[in-house]
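Residue numbering begins at 1 within each chain, and the chains themselves are lettered A, B, C, D, E and F in the order written.
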Amino acid sequence: MARPVTLFTGQWADMPIAELAPLAKEMGYDGLELCTWGDHFDVASALEDDRYVRRRLELLEKHELRCYAIGAHMVGQAVCDRIDERHRDVLPAHVWGDGDPEGVRRRAAQELIDTGRAAHRFGVDVVTGFTGSSIWHSLYAFPPTSQDYWQRGFVDFAQRFEPILAAFEAENVTFALEVHPTEIAFDIASAERALEAVRHHPNFAFNYDPSHLGYQGVDYVTFLRRFPDRIAHVHVKDAWWGRGDGTVGVFGGHTTFGDARRSWDFRSVGRGDIDFEEIIVALNDIGYRGPLSVEWEDARMERVHGAAESAAYVRALDFEPASAAFDAAFSSTSTET
Amino acid sequence: MARPVTLFTGQWADMPIAELAPLAKEMGYDGLELCTWGDHFDVASALEDDRYVRRRLELLEKHELRCYAIGAHMVGQAVCDRIDERHRDVLPAHVWGDGDPEGVRRRAAQELIDTGRAAHRFGVDVVTGFTGSSIWHSLYAFPPTSQDYWQRGFVDFAQRFEPILAAFEAENVTFALEVHPTEIAFDIASAERALEAVRHHPNFAFNYDPSHLGYQGVDYVTFLRRFPDRIAHVHVKDAWWGRGDGTVGVFGGHTTFGDARRSWDFRSVGRGDIDFEEIIVALNDIGYRGPLSVEWEDARMERVHGAAESAAYVRALDFEPASAAFDAAFSSTSTET
Amino acid sequence: MARPVTLFTGQWADMPIAELAPLAKEMGYDGLELCTWGDHFDVASALEDDRYVRRRLELLEKHELRCYAIGAHMVGQAVCDRIDERHRDVLPAHVWGDGDPEGVRRRAAQELIDTGRAAHRFGVDVVTGFTGSSIWHSLYAFPPTSQDYWQRGFVDFAQRFEPILAAFEAENVTFALEVHPTEIAFDIASAERALEAVRHHPNFAFNYDPSHLGYQGVDYVTFLRRFPDRIAHVHVKDAWWGRGDGTVGVFGGHTTFGDARRSWDFRSVGRGDIDFEEIIVALNDIGYRGPLSVEWEDARMERVHGAAESAAYVRALDFEPASAAFDAAFSSTSTET
Amino acid sequence: MARPVTLFTGQWADMPIAELAPLAKEMGYDGLELCTWGDHFDVASALEDDRYVRRRLELLEKHELRCYAIGAHMVGQAVCDRIDERHRDVLPAHVWGDGDPEGVRRRAAQELIDTGRAAHRFGVDVVTGFTGSSIWHSLYAFPPTSQDYWQRGFVDFAQRFEPILAAFEAENVTFALEVHPTEIAFDIASAERALEAVRHHPNFAFNYDPSHLGYQGVDYVTFLRRFPDRIAHVHVKDAWWGRGDGTVGVFGGHTTFGDARRSWDFRSVGRGDIDFEEIIVALNDIGYRGPLSVEWEDARMERVHGAAESAAYVRALDFEPASAAFDAAFSSTSTET
Amino acid sequence: MARPVTLFTGQWADMPIAELAPLAKEMGYDGLELCTWGDHFDVASALEDDRYVRRRLELLEKHELRCYAIGAHMVGQAVCDRIDERHRDVLPAHVWGDGDPEGVRRRAAQELIDTGRAAHRFGVDVVTGFTGSSIWHSLYAFPPTSQDYWQRGFVDFAQRFEPILAAFEAENVTFALEVHPTEIAFDIASAERALEAVRHHPNFAFNYDPSHLGYQGVDYVTFLRRFPDRIAHVHVKDAWWGRGDGTVGVFGGHTTFGDARRSWDFRSVGRGDIDFEEIIVALNDIGYRGPLSVEWEDARMERVHGAAESAAYVRALDFEPASAAFDAAFSSTSTET
Amino acid sequence: MARPVTLFTGQWADMPIAELAPLAKEMGYDGLELCTWGDHFDVASALEDDRYVRRRLELLEKHELRCYAIGAHMVGQAVCDRIDERHRDVLPAHVWGDGDPEGVRRRAAQELIDTGRAAHRFGVDVVTGFTGSSIWHSLYAFPPTSQDYWQRGFVDFAQRFEPILAAFEAENVTFALEVHPTEIAFDIASAERALEAVRHHPNFAFNYDPSHLGYQGVDYVTFLRRFPDRIAHVHVKDAWWGRGDGTVGVFGGHTTFGDARRSWDFRSVGRGDIDFEEIIVALNDIGYRGPLSVEWEDARMERVHGAAESAAYVRALDFEPASAAFDAAFSSTSTET
């Protein structure tokens, strides 16, 4: 059997999990990557209340769904970020607190540690998420930006994440960073540098998502071959690029997703430019056997239509690797008796 | 005669103007776009000392060079930016002062006004430069960023630049924004929005530079056709893209220019991917008759070699528009007598 | 629900409508765009005989089909054309008459007016069709052709169509020109000029058909974004280009469709080079909610096979637009109770 | 009805035919192209034992399968090749004998003649296969290689195959060479030369297989149009190219199939870069009505999964040619009565 | 020495030849292809007045120029065309006469015969030019156009040109048709058909001009390889395509050359998309040794600038074929004595 | 000063060195890479006769030429090859001897050792050349070829070359293998494997030549970055690919160079598809400071014309690396005093 196809619930947080679970099954999914916002997976309850964990598991089981990972993107984003008003809208009130930046970052780090513990209690050994970054704003390197300036950002990341990773290690849970603009790692070079910053900590890995790499011009298939041992989870999300009317480029022109002028945008899986065939081949080559988790975002499409077609698309594309060597059959020269 | 070919002196600020002027002539240039750093064009001296202005003009004349524009990029950058330590290295001490962000921004705005006045005294009616931006850091739109958030950045720009533009208008000098990442405008869509923000002020225009647009995926020829009346000055600067080893994309991966992993970089004119032929055609179509100012940056090449070959390249490419209509000659049917 | 998928009956005119209607249903269509040739929709009968109209509607209803538009291409072609023997084969005898060119054009104009009236009686408010053109033959501009010469063609079009459009307005029916070689408009520039020629008459619009634009090198997606308010009907027809053996280009080399030497040809929907994904996106962006009418032409394929696969293709591709804003779900931070 | 879809059994020779036949049916095939190795089709038995032939035919019939061709690739390879140890592994013991090269070649020629006779007894008139080549090793032309040198290779081929073709003619069976690297013909130019070498013998034709042509840069659609009368059989096999990491090119770098560094590889049908749409069009244009025989090879995919999806892919792609001329329907102008 | 570089004078007919000749030399040309309009080459004078011929030859000689061909495009165009007002502007008054179409065509045919005779008296054995066409207007094939309809156009061409070619044969002069839209031949397929129509008359050949083929999508290098014995003369003219703003395609949108919306346009040699390198290679391969005649047209460029750079461009590109076989030097193994 | 531009004399071996030396100077070269065939550099004489060495050096000096490398391609080819009649034509008689394959290989190995010694006596520390290969003939891997089979080829290479490299080490000379089809290394993967086979012997390096890599689909720029320490010499040779008529692919179709059907061929430098700009950039990045040696081969061009234009092309392209860091000039904020 090929890999399970799951749905990341982050884009469905407005829908109660009790409603989303049967819908996900109906749309063709084998499982859910539960996010820690909306009512999908509440960290505090999971830590404090055994019944909460049991009820969640029963809900999934009832709909023949499994959970392989917990998504902690929002709280992770705040760990290293230069905090501004936009974070308030996406953070739990107890993490935002009074909004003082350093306080927010520290509470976010604690919340992420708690998420790892909660995941473990839930029987899940991967937490996907973001890290934020203290140096993302300097990406263009003007005013002239030195390697010292950037290195301080990686050091800051390491200092903030090493305690988190230690806590994860204690729970035997892996933190899988989704390499993504605004994070400490957003391409292969910065992913290597982040890995070095935390000295290749065994509980630090990646939540591979090609949609954030392709439009940048990063070779998203090479990503898999460069980090064969660090692919802890995979998002299947599509994007298109080289579109629009030429007035907005990769930097986005301060336009909203779905604006027809944009050169790139997220698209329902199979509607964009990501070559998932190459990705499946590479995942087989490196031996990844985990779930393919659809992160569905398409500013233009009705989401149930989209998530259903995406599940079908992934299932048709994925395949089992060969069990026997090529051309072996040619060598059989026995004749019938 | 086709357009004059000038050299932007910003990348040569370590060389005294007395040395650069004869070298520029020798490298094949018709003029200089003097920058306001190094010793090339000192705003305070130009305002206070008539002899300074006269000596500069004599120096240019002696080497048969002309000046069509003054470049005030560094100080302009500080007008709207979120100020950090990187600005200190590129600002005059009296603008940086105590480094308090809002104080820096205000002193930079005043310095820019002074630059317009100095340019006028120098007989030049274009100041090229940057604006900085209070919202560049949010370019990727995560955490989710609203149009309100971005609009506040454009309002901030308008509030800070309207007094500057008023001062420029009084001197009959145009401020020509080089559309560029980290500025309020960095593509066609944001350039339109910036223009609207200052209500199409007559003294606000663009210093066109294709090298900042092409690698982003912005149609740099369309830029000219979209703003035919706002092209006050033109930089000839080249870049290549779609290169590197696939590990670093458009966002630059926190790598330094010249790093072989990068997908894009600046290159000596004619060595990159900018289609200058299309640009010359469009400049002729829209009637631009000003200088073609080489901004020479190539992290890999010896600069005198590069600036000389760039001047020759531009001169070979540029051409006069046709004076007569196509096929007119076909209609002449008179026979010899 | 996404848009209805209909079949243009022009390529099936050899088949009686009583036979075609059940076949269309079986091939997967929701409706028919009836043409005015063959026995599909007879203008004179519809105008003179209420029972004819009623019987046609009953036939459609019996097969659960709807009609959203009447196709009057042949008679429209004759309104502005330089008439030659080829028109005789495609015009009703009473329109051709004695074949005197100006007489043919006038009778065709009257027939088109009658078609608008008949459509109204049939409960349909769109007539799709052609206009012909008095200047198509001069398209290459040799011998040298002036704008005066071409402008006379647009004036001729306006003079012949303004009475037709007035009649359509009286019936509240829109004439939707299929922008197409040999018509007054065959690309975006000429479509704009045609629109200006009839002073943006409210009953003049377009029957969008990308297959006539793509192989020419016209940006068929831009067409939709340029005329968002004038897309009255949509043909889904496919073409391929950049094929053949290099001996025949876009001008067709006086070869017949299906000739293997041709660089372009019409193809069954989904077998060609039209990017229908981009078209569906643009149709959603501009708010088009009418039918997607398959005009099936493929010189190489058995037509029932082709029309059936085309209906399935369109249905799989089309989708409902999103109802909620992207990323809205991220902001929900309530926890379970 | 479109063409039958068959499976070439060469890659399944490790599986007894009694097991493969029902599996093939289940995977969606209409027939088998039986290979002469494994227990699929034993030449000696077919020649000597009428019951063997009958039992094979009954087996096929029982599973509603047909056989249109016998595949004799291995033995054909040895007819002209410079024999080395690699041939031993793929040849029947009685052909290999003592391994003396010329002896092997002669026994292989005789075995191929016998295969033609056996095919005829089996009611099949096409034997697909290879020829080997005495000059393949010199393909790069260094040390400098003359046309005389190469011509000797074609003469050798003709001398060895003319007796074989004469024997095939006597049985009314066609030998269909699969144009393929290591054979006397491996592109269009060498296929023409091979045809000339055997003076266009009526029983010499091609087993078309695009997968061996595309990655070389040979125009595989042109192949069909160049030899419309010599396409005796068609393999549907896919390959991709322009992949890998840039370290291995078309010559393969002495790497094994499935190595991620390779620029090209065989892929399950529909997963590669062969444009089968263009091929089906050309097959219809030249009037080929025989089977489409899937030769399934993909070093990365589980073969039952792959062969099943390949059968479905071919069936969805293939189509009947048009029966009537394009636009004929437009000419029908009769009205309803 | 490589081929002579000449200038076609058609686009300079407003300039007296006495002025153009020294200018051409100065711009770098070796000769002139004199057109029969303006005062460049007057057919009647050449036929009637020996001194006229002598003076023209002396003028050329004085400026070290040679004439290899006479250009009779305008009068040739009228031979087969459907005549309209546009022809009047480009025809000599005595050919236009009363403008009755058939009369114009007959007088044009006679004028073309006279041009052949005049060329012979001038010592030139090639007349380049056009043919016009009675079927160009039907190029798109709508209303549906039969092969009978088109064949009548080729028959008309043959009937009108056979007497002309007979007259040329008597003078030992070749008529070289410039394959071009609006002519009987405008791509490779129609060129083959035209050649067949005049039964491969030995005095009918082509004036090769890639600029009319490339933007259509015709393989202009294949043209040379398809007709190696019929290339009597070569125009070097450049065009670009795949440009513009997407609103005007290959059919030109009834726009004027130089309009920025056009997808294609003529450009100064070296500024467009024609791959002249491939052309020079093919000309060497087929053994063409005649002149390379620059036909300079660029609606955007000052023509003296353009014609001078074009001459230099051609001269830098052209090269002599190899005299010895490749790798021959490798075989020399003699050692020094 | 940028790198010296030299000429490889292998393709000029029919011309005495006394004639070639002044011609090379005149064509624009700074030096010669002398080949060991023709009379250019005789190994035996150099070893035995001091005057020979002195006279050669004086000849070069007289024409202001230098020699940086000796080319021993022919004899190197025979060291590992499966010897056939083609080797006889390119080997010295004393190496060919009686033509027994193993004898030829051993004499060739000894001759190569002697060449290293002779080079040292001549003051040159690089010998460029080939190795041949015992496994090139199996490149396509059919009959199925195992890694064992190929590995034996690399072992054979190591066994034959280790004594040669030891001898070179004693002379402080590097053997620079030109990675090339028919050699033990012909792409990056096989180059790595060859390097491993000789255990990274310090005197084994590469003579980089992009023309043998590009048409294969090997990333020839990556080659430089993969082996920064092993680039001992550089050939500047051009090739084009993706050409021809589609009937001959990369394997060459047993056609001769210069055949118009071929998809690839060698071309005069600057006339092909090699991106030398990228190569110069990479050579600067890795710090290569040796000569750029033009290996001129173009079956279509007169060689003196070609070699002269190639020298000029290389000289215009090559450039000195930057001495100072990018943007450093921006930081200078001192003002004039």
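In this text, a contact is a pair of C-beta atoms (placed from the backbone, for glycine too) under 8 Å apart; a residue touches a chain by one contact, two chains touch by 3 or more.
In this text the structure is predicted, and so the values were computed from the model without any measurement.
Considering the contact criterion stated above, the chains in touch with chain A and with chain F alike are B, D.
Counted by C-beta pairs in contact, the busier of C-E and A-D is C-E.
Using mean Cα coordinates as chain centres, the one most removed from chain F is C.
Homomeric contact chain E/chain F is classed as different-residue, with under half of its interface positions used by both copies. Of all chains, the one whose CA centroid is most distant from that of chain B is D. Counted by residue number, the contact pairs of B-E are over half the same as those of E-F, the matching pair from A-B, E-F or D-F. Separating the centre of chain D from that of chain E, both taken as means of CA atoms, is a distance of 49 Å. Centroids built from CA atoms put chain C at 45 Å from chain A. One finds 63 Å separating the Cα centroids of chain A and chain E.
Each of residues 74, 89-90, 143-144, 222, 245, 256-257, 327, 330-331 in chain B touches at least two other chains. The touching residues of chain B, when paired with chain F in their complex, are 10-15, 17, 37-39, 42, 44-45, 52, 74, 89-93, 243, 245, 256-258, 260, 266, 268, 271, 297-303, 305-306. Residues 74, 77, 82, 85-87, 89-90, 135-145, 147, 149-150, 153, 180-182, 186-190, 192-193, 213, 216-219, 222, 226, 241-242, 245-257, 261, 263-264 of chain A are the ones touching chain B in the complex. Of all residues in chain C, those touching chain A in their complex are 222, 225, 277-278, 281-282, 284-285, 319-337.
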